[in-house]
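Two complexes, one shared chain (chain A), two partners (chain B, chain C).
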Partner chain A sequence: MNSSLLLLGLLDGITQAAVLFLVALGMTLIFGVMRILNVAHGSFYAFGGYAAASASVYLASSGESLGAALMPLLAGAVVMGLLLGAIIEFGLVRRILNMDPAMQLLATFAVFMVLEDLQRLIWGVNPVSISAAVDLMGTVKVGAVNYNAYQLLLLPAVAVVIYFGLTLSLGRTKFGRQILAVTHNREVSMAMGINAKRVGLLTFCIGAILGTLGGALAAPTTSLVPGIGGDMMVLSFAVVAVAGLGQITGTAIAAILIGMAKAFAVYLFPEVEVLVPYLIMVLVLLWRPEGLFAVAQARRV
Partner chain B sequence: MHGTLKVSIAGLSLVACLVPGYAQQKPAELKIAMTTFLSGPASVFGVPGKAAAELAIEELNAAGGINGVPIKPIFLDEGVGSDKLLSEYRRVVQEEGVKVTLASISSGNCNALAPVAEDLKVLNVMWDCGTEKLLENRRFKYVVRSQGNGTSEMVASVYKLLQVKPDFKTIAVINQDYAWGRDSWELFSTTLKALKPDVKVVAELFPKFGATDFSSEISRLQALSPDVILSTSWGGELDTLIRQAGQRGLLKNGTWILPLAESSLERVGKVLPDGVIVGMRGDHYFLHPENKDEPKHKAFVEKYRAKTKQYPIYPVYHAVAAIQSVVDGYNTAIKANGGKWPTTEQVAEAMHTITFKGLTRPVTMREDGQGLEDQMLGVTKMTPAYPFPVIESLTIYPGALVTNPVGTKSPEWVKTLKPEAMKDSRIKSF
Partner chain C sequence: MAVRFTPWLIAIAALVLGILFPWLKTPLIIALSYGFAALGVSILIRAGQVSFGHAGFTCLAGYAAAAISRTWPATDALVLLLAGVLCGLVSGAVVGLFVARYRAIFFGMLNLALSMVLFAVLGKFYHITGGTDGLRLERPPLAGMALERAPFETALLAIVAVLVVVACWAIRRFYAAPMGQALIAIKTNEVRLEYLGLSARRVFWTGYVISATLCGFSGAMFALIQGLVTPEMGYWVRSGEFVFIAILGGAAHPVGAFIGALGFETLKLVASAVMTGIWQLVIGVVLLILIFVAPNGLSAILVRFERRTRTV
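Up next, the complex of A and B:
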C-alpha cells in the first residue's frame, strides 16, 4: 500500500463517515435515554432525504447561492424530524418503554415497515435527486482525484460541529444534564424531580432530527430510492454496536473506522466491501461484547 | 345403452381426429397476465412497461382485439419476490383461466416461471429479461423471448465501443453485484478479449445491489484513470453513479460505455456529458433514425407522453413488442387452423416461426424461441431540442449477427468472434 493510496482511502473514509456518524448518533442518543433500539431510525434518514428534496422543490431554490441551496435541506430535516419524532414517541415509544426488548424491536420494526410504504406512497418509486448544493461548491483536487468540496469539507464540518455542540450541551446545560441523569438512571432521576417523559420526548425528537439531517445532507450526493432507509439503518446499527450503545465519542470513532474500512476495501479487496462493516462488528463483539467504548456499568440491584 | 354411448364416443373422437385442427371454442375474451415490477428499484422499468401494455391493449381492443376477441390484461407485481410471484402466477393460470403470460423483467423470475409455464402448458413470452442461459440450456415448447438477450446486447456494445474508440489500452468496470452485473461483464470481457486481446482490465468493481454511494469507487477510478469505463447498471444506481461521477469530473475522464443508460437519460439530464456511448437493449428509441416519423410509432410516443408525462424508454418498446408478437402468433395460428380459434399449443408453435414488428425494426423468432432483435447503440449529445441528451451517431447491429446460433452456448461462442464481423455490410450506421 503506498502513501497516496493511504491518503485517498482516508479522505474517502471521512466523506462517508460524516453522514454515517450523524445517523448513528441519533440512534445511540435515543438508545441511551429510552433504552430502545429504534429500528425505524433508518426511515428517519430516508424521510429526511425526501423532505429535503421536497423542500428544495417547494422553495424553488435550485440555487444561485449556496445558502439558498442548503436552507431547504436544513428546513426539511428539522420539520420532518420533529414531526416523525413527536408522533412516534408520543404514539408508540413511550407506551412500550417497559416491554420486553424483543417486543420493542418488533414494534419499531413495524413502524419501519409502515414508513417504508408511506414513503413509496408520498414520493413514488422513481429516483429523486437534488444536487444544487454539491454543484455549487465545486470540487477539490487531491493528486489526480477530484473530491466534492461538499462531501470533503462541508459534511465533516457539520459532523464536527454537531459532535462538539452535543457533547458540550450535554455536560454544560441544564437540559443536557437532565438527559445524562435519565440516561444514568431513569428512576432515580425521576425521584429527583426530572420530568423523564419530557426528556424522553425531546431526546427522541433530537435523535430523529439527527437521522433526518443525515438523510437531508446525503440527498445532494445520491439518488433517493426506495430501500435507502433500510440500508442506512443496518449500517448505522453496525456503527452503534461497534461503539457500544449510548456512546457518543465512541460512535464518532466507530463511524470513521467503518467509513475508512469500507473505502480501503474498495481499493484493496473490492469483493469484500459490503462485508467489511459487519466483519468489524463481529470481531469487535467477539472481543468486547459491549462494544469498544462501553463503560463498566454499576450493577443495579 | 351403455354400448351405444361407447360407440358414439368412439365415433366422435374418430371424427375429431379426422378434422384437421379440431375447432376450439372462440372465447369471449383472452386473458393475458403480465408480470412487471410495480414496487422495488426495478419499478423504473416495470411501471413504464405496464403503462405501455395498457396503451397497446387499449388500442388493440378498440380495433377489435385478436380476430374479434378482446384482450383482458392482468398485472402481477414482480417486486413481491419469486416465491410469491410463482404462486400468484399459478393462481391466475389455473383459477382465472389465463392463456398467455408475459413474464418477466427480472431474469431470476424468468428462470423461475419458464418451467412452470411449460408444465401448465400456458404460452409464456419473456418480454424483458436478459438471461441468455434459459433458452440455451433447455428447449421449451411454450416459452419464447420476444426480444434480444444479454449476449446480443453485450456483443453489440463491444462492437460499438471498438467502432467509437478502436485504440485503447485499459478498461475498468463498475457493475451491480448480482446476476446481471456479473454475467454481463463476463460476456462483455470475453467478447472484448476475443476481438482485442491486448486490453488490460485495471479494475473490476461490483458495489452491492442497491448501493447509493460510489464515492470510493469513483476515487479509485480517478486514481487509475482507465481509457474506458463500462457500467451495465440501471435505474437509481445508474442515476447515482452518473451524478456522482459527473460531480467529480470523472465522466470526462476516458470513454464511458453505459449499455442501459437510454432508460436514465431523461432523469439525469445534462449531467451526462457528450460522447458517452449509450445502449437501449434493442433498437428502441423515440428518435429511432428509421422509425421516428412512422405514424404508428409517432402516435404511440405522443399517447405515451400524454399518459405518463415521460418519453418512452426501452421497456415500453419491449412491452409493445411482446403484445404484438402474441397478436401475430395468434393470427398465424388462426390462419394455419383454417380460420378457427387455435389451441395454446398451436399458438406456441406459431410463436417459434413468426416475424413481427413492434414500434421499431421487426423481430424474427427462431426455432429455439429466441427473438432476433437488432441492437442499437449511439453516443450522447446535448441539443437545444430536449432538456436531456439525445443519442446520436447511432449504429444498428442486426440481431442475427450478434446472437449466438441455435445450439451454441454464449460464453463459448463469443470466444470465436473475429474482428471481421464488425465490418459486416448489414451493420448500419447513421
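Up next, the complex of A and C:
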C-alpha cells in the first residue's frame, strides 16, 4: 500500500466518520433521554437525504452561489427532522415509554417499515442525486491527492461544530441541564419540576434533525436509493453500540474508528468492506458487552 | 373448542383446502413454513426478547438445501429438509453462544446485524451464491420417488401438515417442562432465576437453538416449494414478517404461530390484490395496532376462552 493510497483512505475515513457521527449522535441522544432505541432512525437519514434533494430542486435559484446550493440541504433537513420527530414522538414514542423494551423495539421497527414504504411512494425507486454543492466547492490538494472540499472540509467542520455545540450546551444551558437530568433519572428529574414530556419531545426532534442532517449532508456525495435507511440504521447502531448507549464523546470516537476502518477496508479488502463495521462491533461487544465507554450501572433485583 | 385441537384443525383444513383447490397448495405450504419460523421467534418472545434477524437462519438453511441439491442432484427432499434442520441447529448453536449474553435492544439489533451481514455476503460472492439472483434447485425426488409437480406439492403439504401437529405438541411439552418455565422467568426476573441455581444464559441459549432449528426447517421447506433461494430470504423485511406473525398469533400457545401465519398469508393475498407496493406499510400499521390493542396475540384469546369454558 503506497502513501497516497494511505492518505486517500485517511481522508475517506474522516468524511465517512463525520456523517456517521451525526446520525449516530441523534440515535444515542434519543436513547439517553427516552431509553428507547429508535429503529426508525435510519429512515430519518434517508428522509433527510431525499428532502434535501427535493428542496434543492424546488428552491433552485438562478445564482450559482454556494449558499444557494447549501441552503436547501439545511432547510430540507430541518423541516423534515422537525416534521418526523414531532409526529413520531407525539403520536407514538411518548405512549410506549412504559412498555416492555421488546415491545418498544417492535413499535419503532413498525415505524421503520411504514417509513420505508412511504419513502418509496414519495420519491420512487430510481436513484436520486444532487451534486451542486460538491461541484461548487471544488477540490483541495492534500499531498499528492486531490480531494473534494465539500467532503473534506465542510462535513467534518459541521460534525465538530455540532459536537462542541452539543456538549457545551448540555453542560451550560438550562435546557441542556434538564436533558442531562432526565437522562440521569427520569423520575427524580420530574420530582424536581422538570417537564420531562417537553424535554422528551424536544430531544426527539433534535435527534431526528441530527439524523436528517446527516442524510442531507451526505446526499450530494452519494446517490439515494431505497434501502439506504436500513443500512444506515444498522451502521449507526454499530457505532452507538461500540461507544456504549447514550455516550456522546464515545460516539465520536466510535464513529471515527468505524469510519476509518470502513474506508481502509475499501482499499485493502474490498470484498469484506460491508462486514468491517459489524466485525468491529462483534469484537468490541465480546470484550465489553455494554460498549467501550459505558458507565457501570447497578443491577435491579 | 379446546385450544389443543386447533393444530389438528389447521392441519386437516390445510390438507382439505389444498386438495379441493390445487392453486392454494403453494400459498398454504409457504404460510405454514413461515409459521415454523414464527414459532421459533415466539419461543424467544416468551423470554421477552425480540429477534429482528431470524430470517438469517431460514436463509442459511435454504442455501444449504440448494447447495446440497446442486452438488448431488439426486438427493432426496427428506434429506434436504433434514439438512435444513441441522443447518439451523448448528448455526443457531454457534451464533447463540454469542448472542445469548445479550437482552432487549442489544439482542434484537445483534440478530439484525448478523442477518444483514449474511445478506450482504450472499449478494457479494457471486461465483458461489449466484449473487442477488440466488440459486435455483431442481425438484428433488421424495422418499425415493421422482414426482411430478402436483403430487410433489401435495406430498410437501402433507409433510408440513403432520409436522404442524408434531411441532405444536413438542413445543407445548417444552413450554410445560422446567426448561420452558425457566425461559419465561428470563422475562420476569432473570436474577432470581440465577438465584434458583439455573444459568440464565444456558436456558436462553437452549431456547435460541430450538428457535433457530425451527427456522432451519422453515427455510429448507421454503426452498423446496419455491425451487429458488435468494438473499431476500434473509433480508430484515422477512425477519420483520416473522416477528409480525409471532405477535399476531401470540406466544401463549405454539399453535398461535400457525394461526398468525395463515392470517398473515391471507392479508398478503388481499394486499397484493388491493394495495400493491405498500405491503410493508400495511404490516407496519397492523403491527402498531396489535402492540396497543392485542399485545398477546390471537392464541391468548383462544387460551383465555378455553380457561373460561373449563371453569363454567
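Odds and ends about this structure:
Methods note: the second predicted complex is superposed on the first by the 286 of 301 C-alpha atoms of A that agree within 3 Å, B and C clash if a C-alpha of one lies under 4 Å from a C-alpha of the other, contacts with A are read in each partner's own complex, and residues count from 1 in each chain.
Convention: a residue touches a chain if its C-beta (ideal position, glycine included) is under 8 Å from a C-beta of that chain, and two chains touch if they have at least 3 such contacts.
As the structure is a prediction and not an experimental result, all values here were calculated from the model.
Touch criterion met: A:226 reaches chain B, while chain C stays clear of it.
Using the contact criterion defined above for the overlaid structures, shared-chain residue A:295 touches neither chain B nor chain C, since it reaches no partner.
Legend: residue contacts after superposition of the two complexes on their common chain; A:7 is shown touching neither chain B nor chain C.
When both complexes are overlaid on chain A, the residue A:245 reaches chain C alone and has no touch with chain B. In the superposition on chain A, A:109 makes contact with chain C only, while chain B stays out of contact range. Judged by the touch definition given at the top, the superposed model places A:271 against both chain B and chain C. In the superposed model, A:118 makes contact with chain C only, not with chain B.
In the superposition on chain A, A:168 makes contact with neither chain B nor chain C. Chain A uses residues 120, 231, 271, 274 to touch chain B in one structure and chain C in the other.
Across the complex, chain C meets chain A through its residues 45, 48-50, 52, 98, 101-106, 108-110, 112-114, 116-117, 120-121, 124-125, 189, 191-192, 236-237, 240, 243, 247, 277-281, 283-285, 287-288, 291-292, 295. Per the touch definition, chain A reaches chain C in the complex via residues 37, 39, 92, 95-96, 99-103, 105-107, 109-114, 116-118, 120-121, 230-231, 234, 237-238, 241, 245, 271, 274-275, 278, 281-282, 285-286, 289, 299, 301. Only residues 39-41, 43-44, 47, 177, 203-208, 210, 212-213, 215-217, 219-220, 222-223, 225, 235-237, 239-240, 243-244, 247-250, 267, 271 of chain B touch chain A when the two sit together in their complex. Against chain B, in their complex, chain A makes its touches with residues 4-5, 8-9, 11-12, 15-16, 120, 125-127, 129, 131, 134-135, 139, 143-148, 151, 218, 221-223, 225-228, 231, 262-263, 266-267, 270-271, 273-274.
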